[in-house]
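Got a structure for you, questions after.
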Amino acid sequence: MPATVEVHLFAAARAAVGHSVLEVGPGGLADILGRLEADYPDFSAVRPRCSFLLDGTAVHDEGVPVGAGSRVDVLPPFSGG
Amino acid sequence: MPATVEVHLFAAARAAVGHSVLEVGPGGLADILGRLEADYPDFSAVRPRCSFLLDGTAVHDEGVPVGAGSRVDVLPPFSGG
Amino acid sequence: MADIRLVEVTDRPLDPGAIERLVGDDRAGAVVCFSGNVRDHDHGRVVASLTYEAHPTADSVLKDVAQEIASRFDLVALAVAHRLGPIAIGDAALVAAVSTGHRGDAFAACAALVDLTKERLPVWKHQVFADGTDEWVNCA
Amino acid sequence: MADIRLVEVTDRPLDPGAIERLVGDDRAGAVVCFSGNVRDHDHGRVVASLTYEAHPTADSVLKDVAQEIASRFDLVALAVAHRLGPIAIGDAALVAAVSTGHRGDAFAACAALVDLTKERLPVWKHQVFADGTDEWVNCA
């Protein structure tokens, strides 16, 4: 069992952070995102427009706890078509 | 100069009358159409749904006089598409 | 004002894909194409064969329709064609295509082009049913 | 319920004419096909190149979108495809096609299919401009 959370970043979020995947410590989602903003200042501009998946399910409350072994997907606003 | 009016019949109007073109005597349009109904009883069912051109221009009043040498087009409701 | 790239009343088969490509353009972000196709049933009856007949003014009426739609909507291009003569089940009787810069207007403009064509174009559809009866559509 | 004849998120070019033909059917009186194409300008700037990226769930999301539209409208068939990867100016990024018995619903259903796809499909458009700047669309 991994001790960390995998954060998968897409499109503008990946571009802001410079990585597709990060391994971070567990915690509340808002806490994890706050740590990302501290480490990658460009992410602050993108984060408010993103939605999130926790283990594949849409997150409606950023206070949700994210345990070790979980996966978070960071999805900027879609722009298909 | 012809002494008659050419009546051009299309689609259901032609089918009801059995001719594409008839030569008829001049008169008011309503009068001409009444004579056609008398001669071709099946035309009575179609006539109320038709619109008419007099020398290529849409007719708004069936009382309009149609002189010798004129052309009347009898147009059933359109059904394109 | 929109490029009017095709206005045609023809006894040759219509190719919706080709007509759709006609309105394509590097400035166009959206293309909407409508095909009105001949069905094998009408009001529950089996259609055996179908023919379209046109008044001699059909070409010029369709040009007027295209001009009116081009003036009412902000289009890049439009194309419209109607088939005449005998037509097989499944074939397109009417094809209308528009392209626009953004997608907002494209559906509305194409629908208006179809509606105005059906309202104004002097053409008539004659159906023969499998039971041998026939009808001039809209004139029962 | 409608036949769902194509749901595809692909890095191969889309052929709107072929996708439109997929929804054709002897029962269908109307086909409406939408193509969202890559433009050479966006907000007045010249677009040099463009790429679409997708989330791994894009295929299953597009299936859900197709199912939802199939259940909301009285369709004969529908097809929807989205392009991924680098894409040339003028190429189709999104193609959506529906067929219906009568034409009433066809425009509304196709527009709803396009709107729902754009709202839900997790794909992202990256534009590079002729001046060397770039942007992730909707994320400026």
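Letters A, B, C and D mark the chains in the order given here, with residues in each chain numbered from 1 onward.
Simple rule for what comes next: a residue touches a chain if its C-beta (ideal position, glycine included) is under 8 Å from a C-beta of that chain, and two chains touch if they have at least 3 such contacts.
Please read these numbers as outputs of a predicted model, since none were measured by experiment.
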item: Maximum centroid distance from chain C, chain identifier (CA atoms); value: A
item: Centroid spacing, where centroids are CA-atom means, of chain A and chain D in whole angstrom; value: 28
item: Mean-CA-position distance for chain D and chain B (Å); value: 50
item: Touching two or more other chains - residues of chain C; value: 36, 103, 114
item: For chain A, residues contacting two or more additional chains; value: 81
item: Touch relationships between chains, expressed as pairs; value: A-D, B-C, C-D
item: In the complex, chain B residues that touch chain C; value: 10-12, 15, 46, 49, 56, 73, 75-81
item: List of chain C residues in touch with chain B within their complex; value: 36, 52-53, 55, 57, 82, 93-94, 114, 117-126, 136-139
item: Residue ranges of chain D in contact with chain C within the complex; value: 15-18, 20-21, 24-41, 89-90, 101, 103, 106-107, 110-111, 114
